[in-house]
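If you scroll down you'll find the structure; I have some questions about it.
Which chain is which? They are A, B, C and D, in the order written, and residues in each are numbered from 1.
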């Protein structure tokens, strides 16, 4: 657990962002647990709604509004509504309650625990996520770049020209735009980028050759085919009912 | 339209349990205390059983202890929205038993008053039907006009709902001075208002969608179930007691020019300046029953105008109401009159021993009209129930007597 | 199609099932025996009389309760089931009567039986239920012989002359 | 405003209280929005009574509070507050209590992203419309839970009907919203509003026949998704005796109604922004004045006045939309559930799709829209507004723009030509590094500047994308230093 403590401590910064992060994370995990332990089926559905909504809160906090709204719309607005529909239509008496036997608890703990361990291990193995000061490194880099440019401007005499035509040299401009892109990479605010990324054109990465980032075309296609199958299945089910009615 | 065939044989793959749902008796849309038990499967209704009797006062038993004149107030309370027509029916039955004929002036007064009450009753039917389907405004327009009619009737007999004005042997009083002028004024300002009702309801796209092709009843089924009045004529049966009824009743309307409102080969009489039938309205559906009522309001207005002319030119006295103690001759008499909701029949049996009849029977029009509801409400959606029951325009006081 | 012609046709068709008639009354009627009722009704409806509209079914209970009048009465106690028929196409109206004993085999409490005309006119369904409910006549062959106006568990038949209002009903005082 | 306030507090010497500013600002925004809904609900309930009265040839409330009975809603509120909010026996108590708050929360959170005037928006989201659509989907939960928790068959029916209707009407609603997005290139409501500035012919509804058609489809779907007549199946009085609201009374019932009126205003407000130019009046008076007098529309006193005028425009359009909804409610009967669903799937979705393709071609082959035909060039009050076509490639332009901005700032710093101010810049520059340097390795307990820096990295997330990160960040650190 020391990893977690070390990661948050050196951020040593209690600002609104961390405060809200803790609130939302607590909400999400708390209601997920509440859902596990509750027995009334409709309450479980309601707790699921709140935990998924707060999960979208976490995503909003990372600054990617589009994905946060997507989570809100698809998961909370779509899937859970479907779930509640299912719950309401099939619950025989009004309040079906499900009691989980002791044996199931043990099995669940084993499976759940192993999955949890796997996830946390994977999360903390990522070097960049260890510390939250990647922004500070970035800012330091920019500071250094500023000083170099100013120094080089003063040294090679560009400083004597008047302000407008003190242009950056070519490679200075390239490094600057790289820096800009890496800063901008932090927040895929511009939905245009996501749209194009989905069709395979990664605009926020400096260049495909350098980083090997290709677009998300393949997963995008897989998901759409998957949804198409689901759609046809639903249509078929409803269709069956209607045919026998004639 | 929803599945029309018999819903019993419908097998659903996904077995949803049938739900017994109770609509009424305190349900706002069922026109008083009617209780409908619906067996529903999701939204589709597989069976409807109406339960009546919540307003049963056994008026017929009381009739065996009262003289006909004393029983007149009981007839008001049967179809409380058309009290005058009820009184007229009972008075004519007693006069038929007594073989008592009326002077002309009384005859015309009775026509004017009963037609005026028909307009008031149809206005209520139209207003509550709009309310059932969700639009609130026509209800208030209808009641605004009805207030004016009630004021006119109040001038005549002092009461607004339970009149007991038309009694065996004539009326309790003559029409007050200048009343006919006020009545004419009302009729003149009423015609343009009818156009509003048509705009608000009859030709309203959503109203047509909710009523056209809903609760379709064929002519044979209507006759078989004993429906009468606008419900019968809405299915295209050309039958109106004011023209085809008993001689004693049709003699009231001698000299009056009026046509029976029924759809013959595709169009209604005098429907030139009224909205024509929408394309997807089938003869015998809720829309036609509603449309017949709206046209009958115009028909009644014409009859009243002619009645007022006849009344002013008629001579002689206005008939003397029967004394309470007059002995009833031995025998029995049954007579049906065309009330706003259908044919209201009265049957009196007397053994000639005194003024009190031996047996009194009131045949209710809505009783038979409602008996067709279970047949019409098979395999429809819940939202269609008010549309069908509203189009039958039932009044529980008359059904339960 | 005057009254006499109709009577002759019916007599020829049904013989002794037509037990009587009275053509001088304000509404002339024909009396029919209970067992021949349904055939006569079918004949009247499908024949050239076309009486396809059953106006009303009601029962008149001929019983004189107070002694003074009972002596002067010409008829002995019985039930009359009255059917009012009319024809939509022609202006013909007709009254059918069926004479029934007040109680079946004369033991009070056992109500008389009569075949139901529901197969002929569907409107008879509710009218017969009302007659059963208020006057106590059971209609055999009726799909749903239950009370319609009074509560299901009501005792007695209100429109009978010798009906006594119950003292209380579910705790509500009657008299 | 939040950054400005936080830095102002820090300068005023309360060192560690920078975060308080954000809290205050957030509370101010929340209070304002809550008032919009509360006052809105009060006004709309009163309007509903008066308008329905006028439609039905009667007066509506006249006695409470003055001549026009405008205190009637207050009286209703007090009555509702004093009513005993009972709960049926077999109800599920927890869900029964929570449902109204869920419904109200969904309706309320949608107001965060709704701009009331140019730039006056609580949360300037780059994906404004998408966020609104996502949150509108949440409202169905309140109703579903209320219907289920009330325990009675009737409320279950009502809840099922409304859920089916709201969920199925999200599809055409979504498609109708895509069309203005396609024309304006962005989902950001503020920039959509700004693009419709100038003469009213520049409003999207007159952009081309398809958008004109799609406005009516949008308004119908909006009414349906908000469950107003003639689509108000959920509380169809005649069949289901007030549907899922049967068991509610008192304050809980009024919460549901505030959510309803709130989302009514939201739908008509969105219609105003997307099709009727939001805060831009029919005639660009402020644009003309600013050109004549040279006062910039960007910032300063005249800008706030212009924005206030915009606010009034927006509110009037929203209220007009609500009036039309009220008017429709009192003159149409109610549709049946299957007619509502067939209308959605058989009429709204195909028309929306057809208009989508129509607008696609219309903008694709750059057909002339009304404004260009009349050749009245809209005096745009934004220097970065350079026509609709090239806003689409904003994300590329932004990166180059920030690079050139940064180059300019570096150039200013580097040259001796600049007067002494440049020197102490270096000095500061120098000690900046020193301070920055020692701070970074230094003790973590002096977080102030770092706090600025870290916040700087994040708070630019929600302000205008086109403002360069580095320049703005420098000015902050400069200010932080002295």
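FYI, contacts are C-beta pairs under 8 Å (C-beta built on N, C-alpha and C of every residue); 3 or more make two chains touch, one makes a residue touch a chain.
Please read these numbers as outputs of a predicted model, since none were measured by experiment.
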Task: Have a look and report which chain pair racks up the highest count of C-beta pairs in contact.
output: A-D
Task: Tell me which chain's centre, taken as the mean of its C-alpha atoms, is farthest from subunit A.
output: C
Field: Gap in Å, rounded to a whole number, between the CA centres of subunit D and subunit B
entry: 55
- line: When centres are defined as mean Cα positions, the distance from subunit B to subunit C in whole Å is 26
Field: subunit A and subunit B: spacing of chain centres that average the CA atoms, whole Å
entry: 68
- prompt: In angstrom, rounded to a whole number, how far apart do the mean CA points of subunit A and subunit C lie?
  reply: 82
Task: Could you check subunit C for residues that touch two or more other chains and list them?
output: none
- line: Where subunit A touches two or more other chains at once, the residues are none
Contacting residues of subunit D [partner subunit B, same complex]: 52, 55-58, 153-154, 157, 229-230, 232-233, 236-241, 330-339
- prompt: Which part of subunit C faces subunit B closely enough to touch in the complex?
  reply: 25-27, 52-56, 58, 60-61, 69, 72-73, 82, 84, 86, 88, 91, 93, 95, 121-123, 125-127, 130, 134, 147-151, 158-159, 163
Message: With touch defined as at the start, can you tell me which subunit B residues reach subunit C in the complex?
response: 52-53, 56, 58, 60-61, 96-97, 99, 221, 223-226, 237, 239, 244, 246, 331-334, 336, 343, 345, 347, 349, 351, 353, 358-359, 361, 363, 367-368, 371, 400-401
- prompt: In the complex formed with subunit D, which residues of subunit A make contact?
  reply: 10, 12-13, 15-17, 40, 42-43, 46, 49, 53, 63, 65-66, 69-70, 72-73, 76-78, 80-81, 84-85, 88, 94-95, 135-136, 138-140, 142-143, 146-147, 149-150, 153-154, 158-164, 166-168, 173, 176-177, 180-181, 183-184, 186-187, 189-193, 203
- prompt: Across the complex, what residues on subunit B touch subunit D?
  reply: 2, 19, 21, 23, 27-29, 43, 130-137, 140-141, 144, 200-201, 204, 206-207, 209-210, 381-386
